[in-house]
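Following: one structure in structure tokens, then a few remarks.
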Amino acid sequence: MDNFPILSLILWLPALGALGLLLVPRENAELARRVALIVALLTFLVSLALPFGYNAAPGDATTMHFVENLPWLPMFGASYSLGIDGVSLWLVLLTTFLLPIVILSTWDSVHTQVRNFQILMLLLATAMIGVFISLDLLLFYIFWEFTLIPMTLLIGIWGGSNRIYAARKFFLYTFSGSVLMLVAIIGLYVLHRDALAASQPGYAGSFNFSTILANLRSGALQLDTTVERLLFGAFFLAFAIKVPLWPFHTWLPDAHVEAPTAGSVILAGVLLKLGSYGLIRFNLSLFPEASRWAAPAVAILAVIGIIYGAIVAFAQSDMKKLVAYSSVSHMGFIVLGIFALNPEGVSGAILQSINHGLSTGALFLIVGVLYERRHTRDMAEYGGIWKVMPIYAGITLLVALSSAGLPGLNGFIGEYTIMQGAFLAPELSWPFLSFAVLGVVLAAVYLLRMYQNVFMGDLRNLKNQELSDLNLRELATLTALCVPIIALGLYPAFAFGPMQASVGETLAGIVTAVAGR
Amino acid sequence: MDFVLFFITAAVALIGAIAMLVARNAVHSALFLLLNFAAIAVLFLLLQSPFLFAIQFTVYAGAIMVLFLFVVMLLGAERVEDTPDRIPWQRPLAFVLGVALVAVAVAGVLRGVWEEPPGGEAAAAFGDPAQLGALLFTDYLLPFQVTGIILLIAVVGVAVLNQRGRAAPAARRTPTGE
Amino acid sequence: MVPTSYYIILSAALFAIGVLGVLIRRNALVVFMSVELMLNAANLVLVAFARERLSIDGQVLVFFVITVAAAEVAVGLALLVAIFRTKHTTDVDEVSTLRG
Amino acid sequence: MESLQIPPVDLRLLTPLLIVVGWASALLLIDVFFVPNGRKKITGYLAMAGLAVAGLAGIPLWNVSGSTFSGMLVLDRYSLALTWIFLIAGALSIAVALDYLPRHEIEQGEYYPLIMFAVGGMILMAQSADLITLFLGIELLSITLYILTGFAYPRVASEEAGIKYLVLGAFAAGFFVYGIALIFGATGTTSLAGIADYLSRQPFAPQDETLFLVGASLVLIGFGFKIALVPFHMWTPDVYEGSPTPVAAFMSVGTKGAALAALLRVTLAMEAARDFWLPLLAVLAAATMIIGNLGALGQSNLKRMLAYSSIGHAGYILLGIMVAAERGAEAFLFYMLAYTLTNLGAFGVLIALEQRGEAAWSIDDFAGLYQRRPMLAVAMALFMFSLAGVPPTAGFMGKFFVFTAAYAGGLGWLVLIGVITSAIAAYYYLRVVVKMFMQEPVRDVRPELTRGLNTEILIAGVATLILGLLPTPIVLLVEQSLVALGG
């Protein structure tokens, strides 16, 4: 079991499934859905071995686990190098968990070119998992960029009326953001190579994250302050656009609104997390000094995002737009937690990434349920839905409360930890905490307002009288999402456990930097 | 003596070139260019290159220019259409570039040597066509062969470009472009 | 003997005239002639250098340049004739020239 | 009179070149005498066979290196690798032409040997160790291309493109020859080794230095025209648009590739004058990347778009050449291969859509292609993403190599321009993808896929993917091919 390439298996299973789907006849939608679902479930099952095997895996608590290393481009020192730690563990699991749910939801929401939809979805899954588990910067970049292609096509082909605009905007925004990251990766590689070539002539360099990190910490590679800040900035821009941090968020509402339900779920659930993951993994670890330098400014942007997202969400009448803007707000929390630069904040950010994936994913599914029935997302069209769809309304309440951060549910734990982190951070402290609290309050306001408008009151609109409650599939997907929502709320230690050591390791550079001054 | 001859031919060459440039009629341009080529041929002779003098006269002044004249007359000088000038800013840009280049070239030369080329016995023997011929078949064998191929291609090209003209164009006409 | 510099200046002038001709004349044939002038200027300076260095390689190069120029002229004129014939035989209105 | 002493000639060193040129000459005759009209495809197949044989004949030469014909021609792994790239380009261009020519009723058997002659010219350029052979190689290639450009009778646009290309090509040749003349005047030699030797014996007389620098600049301008570097690029879109599409495809990868390959050798020979040409090339590269990609933005004609995009790509490739010593030469070779395959693939799709009587170059003709020909659309998307440099494609790897080399060579600012223009370029490449996948068909275009085209697109597509995912074997090959090419 020690050397079993489990990460490779998880990584390539969906891609293999996509290849296999090519054999399915194009017209046979049912078969395509089933094959995709089986593949997704299989992937999820395999990935379940990760948390259980995590502590048993070789390597001490602070390093990478399940590491795989194969030479790939030896002349550049780039390798096929995989591994996870406490930061990425849950994100991988979130991806594999959401995948079958998303595919299950396509029965009700995707009706054209079903096979191709599944192919793209599975390819997207491989790319996203790849981003989380790549330890090689070049490999990471390749997966990172590749996520764009399937996602753009998903939005552009199966999206709503304005899908082309949204797809194009999504692609160009994120692509432009990440080309600078490529320069930074190349720059880091060259600096690292040249620094080490001084003592080891003929050194081919390395793109390996762990190697570069180790050499940065040991002082074998020293970055000039300006250089470090520039590199930080290039990475940061790519991730900030992906997160998205205010004011880089403008692509998000368009993409969300136009994307098909399954696309929105995966976008909110996982794709945004690529950004927060990148910030933690690369910005914090590799550039601790620059992180400290930038933290107050970034935190201000994050707070603006929290408040702005909440206010704009409040003003929406389109439910999907509301959820989309609530994402901007929630992701602001996550960035705030990350740039609190302490274990509380970062752990909270990771947990909140998971929470947001679950809750917002569920919210998009919920909106999708209504949309499939009535083909409108305007809140004014609804009201009193509770009376015709009680189960649906109950689940929605749970999810909305989780998203609003009700104690006892997962959202509370994440937001509380983040706020604790922000409070403890000397640069942030009170003012930031108060804005964060305001954000939480606002979240409760707009979510409950939506709930009230849609579910409470009388059945004003006659068209809504015929609405049927959740079918079995919808029930299954939503229930599946509710399980971790409750579980994480009741027993967060299970998630925090493996995180601690890795977060500590990530912040080691920053702690040293503090001690050194 | 050399100098006198040089200045006269140089003046003829320059006048021919400028006249070619400003002549409105393509036939006149061709004739002025012919004059210029002849002057250059004379300069070749001054530079002890009798072989090139002969080639310049037969190939350039003879064959090429006659071909030019032939085409000009065939098409009618006025019928040769102007090449369209599409992108307006490129012309001034190219103009500036050209002038700059020439300025650089002249400036470079003005810093150069003014002494005479070497004389003596070696110089007297220089320029024998036999020498040139020998080189063509020894050191320059490969380029020599390649020029042969280039000429072959030119022949093929001329044939290819014009043989299809024989087919009835009306029957084969296709709408072009968009 | 005339110093090489004289030849260089003369050829530079001829070259410049050739470049100008390509750039400011719009008649395809005259443009073509200007290119020939440029090549001739190059030939002249080559021969002058060959004489200065008493190295006959320069003359050999001229030989090649003249040959290639002849080939180029042949193809170019063939193309011009072909265009003329095409335009002559097809309806002029239907001939679309390249857009800008 | 004494008998001529012909210097020893090692014909083995130019086997591929001899096969290509010899077979092309023979094919001219075979075509006239043995291949009946209407079955000229046979000539095409014979030409492809000749190119294949030439490629195979190159294999045993991998471990051979040397120079012959009084040092005018060298054979090293660098030239051999390029030879293979050129042979592939030639073969693929013939493959796409097999159906294109009859469909457009411009089939003439001479087309195929002419392509072979052009390939011969390219090989000659790659093997040249002397400015004279280099010049003749350029002319061999160019004159062939003038003819091919004007091939599409009775489309006047084609003939006009031919004359336009010829005038500008001759103009460039004028600069080139004058440059050679001045370099000869300064150094007394035209051989690259001689020039390198001369330059290493610095300092030299100031007047000679000036002559040399002016000459080198003029040669650079000549190259600039051939490679279509900004500001010498203005002919490209018109000529591409006017030429028969297979010829445009061939030009976009062939002329550029060969001229860049030769430029690399010339810059290596002038390594001592690096301080002089590096800034010049850097400015040219920057302008080329910016103008090329900006120019492509406004094009709705796909052929013109690809023309501008090819200008932009030349800028990226130039980055590799400038830092040849810092593994830039490797990057250049890899990029060349990646770009050749990708671009020929894209042109192949274009040809599939281009029908008799209507030139389907408008981007609107790609609308809804996915619904009609899903695999064709997928292939085109792959090529577009590769040209844009999105992983995991050959185009991304090429850009990565070039940028890494340039960065390591101290050209960080150019890398920055490179990535920014890549982001701009993504916009217009994406537009094609959007049209194909996300829009309804606008016009009734029925793509015609024949065997030749199918094969070509398939090969290009698979290669684009493989080079993007597992470039290692090719990179190793490329790395080895530069062993002897010391700076």
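Order of writing sets the chain letters: A, B, C and D. Residues in each chain are counted from 1.
Here is the rule we use: a residue touches a chain if its C-beta (ideal position, glycine included) is under 8 Å from a C-beta of that chain, and two chains touch if they have at least 3 such contacts.
Bear in mind the structure is a predicted one, so any value in this text is a computation, not a measurement.
For the pairs B-D and A-D, the count of C-beta pairs in contact is higher at B-D.
Computed from the mean C-alpha positions, the centre of chain A lies at a distance of 68 Å from the centre of chain B.
Centre-to-centre separation of chain B and chain D, using mean CA positions: 28 Å. Look at where the CA atoms of chain A average out and do the same for chain D: the two points lie 43 Å apart.
Mean C-alpha positions place chain A and chain C at a centre distance of 64 Å. Counting partners per residue, chain D has 132, 136, 139, 143, 146-147, 150, 153-154, 156-157, 159, 162-164, 167, 182, 238 as the residues that reach two or more other chains. The set of chain B residues that touch two or more partner chains comprises 83, 86-87, 94, 101, 105, 109, 112-113, 139-140, 143, 147, 150, 153-154, 157, 161, 165, 169, 173, 175-177.
Each of residues 4, 8, 15, 18-19, 28, 31-32, 43, 48, 52, 57, 60, 64, 68, 71-72, 75, 79-80, 82, 86, 89-90, 95-99 in chain C touches at least two other chains. Contacts between chains form some other arrangement here, matching none of path, ring, star or all-to-all. Residue ranges of chain A in contact with chain D, taken from their complex: 71-76, 138, 141-143, 145-146, 148-149, 152-153, 156-157, 163-164, 167-168, 171-172, 175-176, 179-180, 182-183, 186-187, 189-190, 193-194. Residue ranges on chain D touching chain B, taken from their complex, read 1, 4-7, 9, 21, 25, 28, 69-70, 72-73, 104-106, 108, 110, 113-114, 117, 120, 124, 132-133, 136-137, 139-140, 143-144, 146-147, 150-151, 153-157, 159, 162-164, 167, 182, 206-207, 210-211, 213-214, 217-218, 221, 231, 234, 238, 301, 356-359, 361-362.
On the side of chain D, the complex with chain C involves touching residues 132, 135-136, 139, 143, 146-147, 150, 153-154, 156-157, 159-164, 166-167, 169-171, 173-175, 177-178, 180-182, 184-185, 188-190, 238, 241-242.
By the touch criterion stated above, chain C contacts chain B in their complex at residues 1-10, 12-21, 23-34, 36-37, 40, 43-44, 47-48, 50-52, 54, 56-57, 59-60, 62-64, 66-75, 77-82, 84-86, 89-90, 94-100. Across the interface of their complex, chain D is touched by residues 83, 86-87, 90, 93-94, 97, 101, 104-105, 107-109, 111-113, 130, 134, 137-143, 146-147, 149-150, 152-154, 156-157, 159-161, 164-165, 169, 172-178 of chain B.
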